[in-house]
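The chains carry the letters A, B, C and D, assigned in the order they are written, with residues numbered from 1 in each.
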Amino acid sequence: MTGGGDNRARLLALYGTMCRIRAFEETALAAHKAGEIPGPLHVSIGQEAVAAGTCLNLRRDDRITSNHRGHGHAIAKGAGIQGMMEELFGRAGGHCRGKGGSMHIADFSVGMLGANGVVAGGIPIAVGAAQGLRLLGSDAIVACFFGDGAINRGPFLEGLNWAALYTLPVLFVCEDNGVAAFTRAESVTAGPGIAARAEALGVPATSVDGNDAAAVDQAAARLVAEIRGGAGPRLLHARTYRLMGHTSTDPAAWRDAAEVAAAHEEEPLARLRARLLEEGVPDKALGALEGDAQAEMQEARARALAAPWPDPAIAWDDVQDAGAVTETA
Amino acid sequence: MPEVTLVEAARLAALQEMRADPRIWVLGEDVARGGLFGQYRGFLSEFGAQRIVSTPISESTIMGAGLGAALVGTRPIIEMRIFDFAMCAMDELINQIAKIRYMFGGQAKPALVVRMPHGIWRNSAAQHSQTLEGWFAHVPGLVVCVPSTPADTAGLLVQAIRSDDPVLFFDPKNLFPLKGEVAERIAPIPFGVARTAREGSDLTIVTWSAIVPAVEDAAGMLAARGISAEVLDLRTLWPWDEAAVMASAARTRRLLVVHEAVTAGGFGAEILARATEALGPGALRAVGRLGQPRVPVPFAPPLEDALKPDAAKVVAAAEALMAR
Amino acid sequence: MTGGGDNRARLLALYGTMCRIRAFEETALAAHKAGEIPGPLHVSIGQEAVAAGTCLNLRRDDRITSNHRGHGHAIAKGAGIQGMMEELFGRAGGHCRGKGGSMHIADFSVGMLGANGVVAGGIPIAVGAAQGLRLLGSDAIVACFFGDGAINRGPFLEGLNWAALYTLPVLFVCEDNGVAAFTRAESVTAGPGIAARAEALGVPATSVDGNDAAAVDQAAARLVAEIRGGAGPRLLHARTYRLMGHTSTDPAAWRDAAEVAAAHEEEPLARLRARLLEEGVPDKALGALEGDAQAEMQEARARALAAPWPDPAIAWDDVQDAGAVTETA
Amino acid sequence: MPEVTLVEAARLAALQEMRADPRIWVLGEDVARGGLFGQYRGFLSEFGAQRIVSTPISESTIMGAGLGAALVGTRPIIEMRIFDFAMCAMDELINQIAKIRYMFGGQAKPALVVRMPHGIWRNSAAQHSQTLEGWFAHVPGLVVCVPSTPADTAGLLVQAIRSDDPVLFFDPKNLFPLKGEVAERIAPIPFGVARTAREGSDLTIVTWSAIVPAVEDAAGMLAARGISAEVLDLRTLWPWDEAAVMASAARTRRLLVVHEAVTAGGFGAEILARATEALGPGALRAVGRLGQPRVPVPFAPPLEDALKPDAAKVVAAAEALMAR
């Protein structure tokens, strides 16, 4: 689908994706709490509109790179749910055969080039992917998701300058939830802001209410069209809010309760739901989407729990071709 | 002596030193909130925002600013959060910090500590589990600390903070909950002195950092099978206690090095190499190493377990050595 | 001396410093060609006004960090000439006892915290030095010199954001000679430019004709006063031209002869000389300054050539206190 | 076969491969002008600006963009100009490139070459002279090439470019002027096969990269003194030719490793460790290493000379080993 728009079908598509992201992450949180998912887990609850609104404007052969909070990006780009859930569970059927986990989910079959455990780690990869695609004669583009924390790391400057210099087809998407781990963005970020930084590096920037799925969609539609038209990179600055803690075990108790309560009022699923109701979509239809999403994720969880663990022998696989070690070595 | 966790021991050590010397300060992400592991809990209220500096996610500058601050006479504790992120600051660490005293002909000694919690920890996968401490023993100008007990962590951190050398301090993050006694007044532990974790006569096991408790367990199992293993916890990799290792190995004539790091090219190789160089190959009957195979750390528990050194693997390696 | 001004004495001071820098580097070039100086040598001929104009506004206890092209910065900050020359020659009397060479000259006794062989390497060091000075209760400031090439490396973003965030007393000085090694700045730098990048990171920037020593002096005077007054970091963007090649052995033959000829017309020593003549300074007085500088550097060269080499035994010194290796080890 | 310099051999190898495969491209500083050493001379006019990309001074992104481009199916040659600058790109190299195939369960193979001219070169001092190749043998996922002749440089570069693994290619920059024969049609040289630079029976000297000619000279001097040294040039450190080293060492029973890198913690330690592990200590009469002491590389010629391994030091080390 190309071109933004607030027609119902589009809004419903957005809502469906967002419900699936939310349901996936709520399910994952519960599974993590139940001890079914090992390792750290970062959920994007409250930020779903950014992933959904952006990826609705991407083709299957477009690529994305993501960060540590990447479930939503992957789902919105079309990554297989079962493979994602099993990856979180560390099972053999995971997209990465259980080797990556939540922080390293990738699904190359849909152009999802990987989450990343290093803040800003996806930025150079995205610009290089765009450069490579151009060399191959493709008109696919790359969307690069990162948080407000990433704009204080060097690769942000290097990558944006680079993309602008070579007029690369990259959509930088900054999910600005105002916080990095346990530190407020404003206390570690100087200057006039993300958009100004991008513009100073030659990348035109658009700021948007990242909790308004339709607004994200519209902005992304315009930017993707510009990028695919050959205009070079663009940055989408989406203001949002991280409703949960940094990781699944972080209560984020340092935040003011009132602040969090207010943020819940602005959360993107409720807002889009209200809008859809206004537009005359029956509550039942929305309930069906929500129920389907829940059911899908519950089933994925159940199947993941029953799924086989990876054979320990595969631990030695896929390191490299030359000089690979073997179990018996 | 009170019993505290290892991470609390580290906290107490830094606290003691910061109270004594106003030139000491901490910079790193989230340190004002106590640090990722609580190792700076309460520091902000006691020392204020000039000395407990929560920084942007800017590892290059965390590292490099620490260096600059050391060059004008302060004594920074540079907190890297998790070792793997130090990869974002290697120019500052390797090209600048390690070399500046030498390149400038001794005009400056960068007295700083870089804290880098490292190691395999709760299925954190390849980008949060590395143990590359051996790299830094290869780099002139650096001191490398790899403690494994609360008391050693505290004592070595005090020594590190007081040292005029740049010290890389590898907090063993998987052992943070480990409890042990720590003195009210923490005395510095000199660099380069191994701790004999267990005495023995049949073979010498040299080890360090987070794998030490597993090696101690293994030594217990070996004892039950009639094998008397001496366990030396090196505590620092540079300088390292060559004398203690050689003395023990010359006595037992069997030398096993166990580390969590990848075996190939790890610091265990240096120990074996020095042993055969210094004692002569004839002085030893068998040597061996146990580490992670040359494979990134996988996420899934059965995969991580398959690769990670543990007590059972240590026992097997020791028995294989005894059989030779 | 504080406060800029175009009074004669000040201009003469600038001219004197610039003549000494020029003479030092011309002498070094000749010595390098004669095989007296080993290793790579980067001279700043044509850029002297930036170093002179900036450092005239610094106190002795202020600090500077520099880059690979740092002779001028060091001289302007007051580094001992003989120690510099002997360092270039690799002699025992060098500031770094012959261990550093041209790329690593430092003279801590005058606040020169070191040249740097890594582009942008001095930026994090400078901000940290400023932070340390503040912690120690000093009102000294730090000037950080780097080239236009450095603004495409991550530490530029990180360091400027950091300095702005903590309101640190740093004067960033970008010597924009339009070229990095063999590549034109414009072909690798996107966006509206250096000043815009700084502003986007919260660091107010001033652009100046870097070949006009008086203009640099005036701008630096104002910025240093602001910084010392507690206003936080500032960036001085000085446009200049590298008259010679990247290194002493690089002919930079790829440049248009006409371009280089035109640049020679604009070179800072000739311009300041003309201005001083206009202001009524007798040619003889200027000639004396020039002659003195030449004589000083010739003597330094002669002494360096006769100076003792470092004892090979010191090669093992000053690595570290704990775990130092010895010659016999 | 024409005689060419080592740097020209590298140029011809890249040229041959780029002509054959349009997915290959080069990114790095000044490459459009032929590269710092002329190793890409003429490439811009033949391949155009899309395939010969002169980049900003942005090492993180040079490295990381190369990775991204590999993930979509191109085959980048990432030019780091001088090895030491790779310190600015270690996250991209160690956390990303080395691990991505594994972390993603084999979904992608980053087929790329990172070229890093390394080593002591004309008094360039501490920040432009490092030899840390041993580090990368310790990192799963990476192939490490350390050639020393024009023919090996050409053949290994061809192999590296055709390989689907990420390959670190350490150009021996001090040997760039060295001349040797290179075939018109450059055939790939497989990784992990040592070159016997000289046959001998009294001791085995294992070496690689820029120090190889000095070792060959030393072997000549040793022969004049009645000592027959076998010289093995490893050519690649990972994989490395353990079989060849073991066979030779088992025969001569004396093993000396010579590398320009710092001895402590260098890859020489791995070779000695493997030899004693695999052959058993009793199989060997003496082992030793010669490298740079654990000191940064100084600028002044007499200081650099004092520390840098050379033929005379190799002879002395070999004689000391023979005396044991």
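Convention: a contact is a pair of C-beta atoms (placed from the backbone, for glycine too) under 8 Å apart; a residue touches a chain by one contact, two chains touch by 3 or more.
None of the values given here were measured: they were computed from a predicted structure.
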Comparison of A-D and A-B (more C-beta pairs in contact): A-D
Taking each chain's C-alpha mean as its centre, the one farthest from chain D: A
Distance from the mean Cα position of chain B to that of chain A, given in whole angstrom: 36
Separation of chain B from chain C, taking each centre as the mean of its C-alpha atoms, in whole Å: 40
Separation of mean Cα positions, chain D and chain B [Å, integer]: 30
Residue numbers of chain D (touch at least two other chains): 55-56, 58, 60, 84-85, 87-88, 91, 95, 102-103, 125-127, 140-141, 238, 264, 294-296, 298-299
Multi-chain contact sites of chain C, meaning residues that touch two or more partners: 94, 96, 98-100, 104, 116-118, 152-155, 158, 161-162, 165, 188-189, 319
Of chain A, residues touching chain C in the complex: 152-158, 160-162, 164-165, 188-192, 196-197, 199-203
Chain A residues touching chain D - in the complex, by the definition given at the top: 63, 65, 94-100, 104, 106-108, 113-114, 116-118, 121, 123-136, 138, 142, 154-155, 158-159, 161-162, 165-166, 317-323
Residue ranges of chain D touching chain C (in the complex, touch as defined): 29-30, 32-33, 36, 54-60, 84-85, 87-88, 122-128, 264, 293-296, 298-303, 305-307
For the chain A and chain B complex, residues of the former touching the latter: 38-40, 90-91, 94, 96, 98-101, 103-104, 116-120, 149-150, 152-154, 180-183, 187-189, 254, 309-310, 312-316, 319, 325, 327, 329
For the chain D and chain B complex, residues of the former touching the latter: 84-85, 87-88, 90-91, 93-95, 98-99, 102-103, 125-127, 130, 132, 134-135, 137-141, 238, 261-262, 264-270, 272-274, 276-277, 280-289, 294-296, 298-299, 324
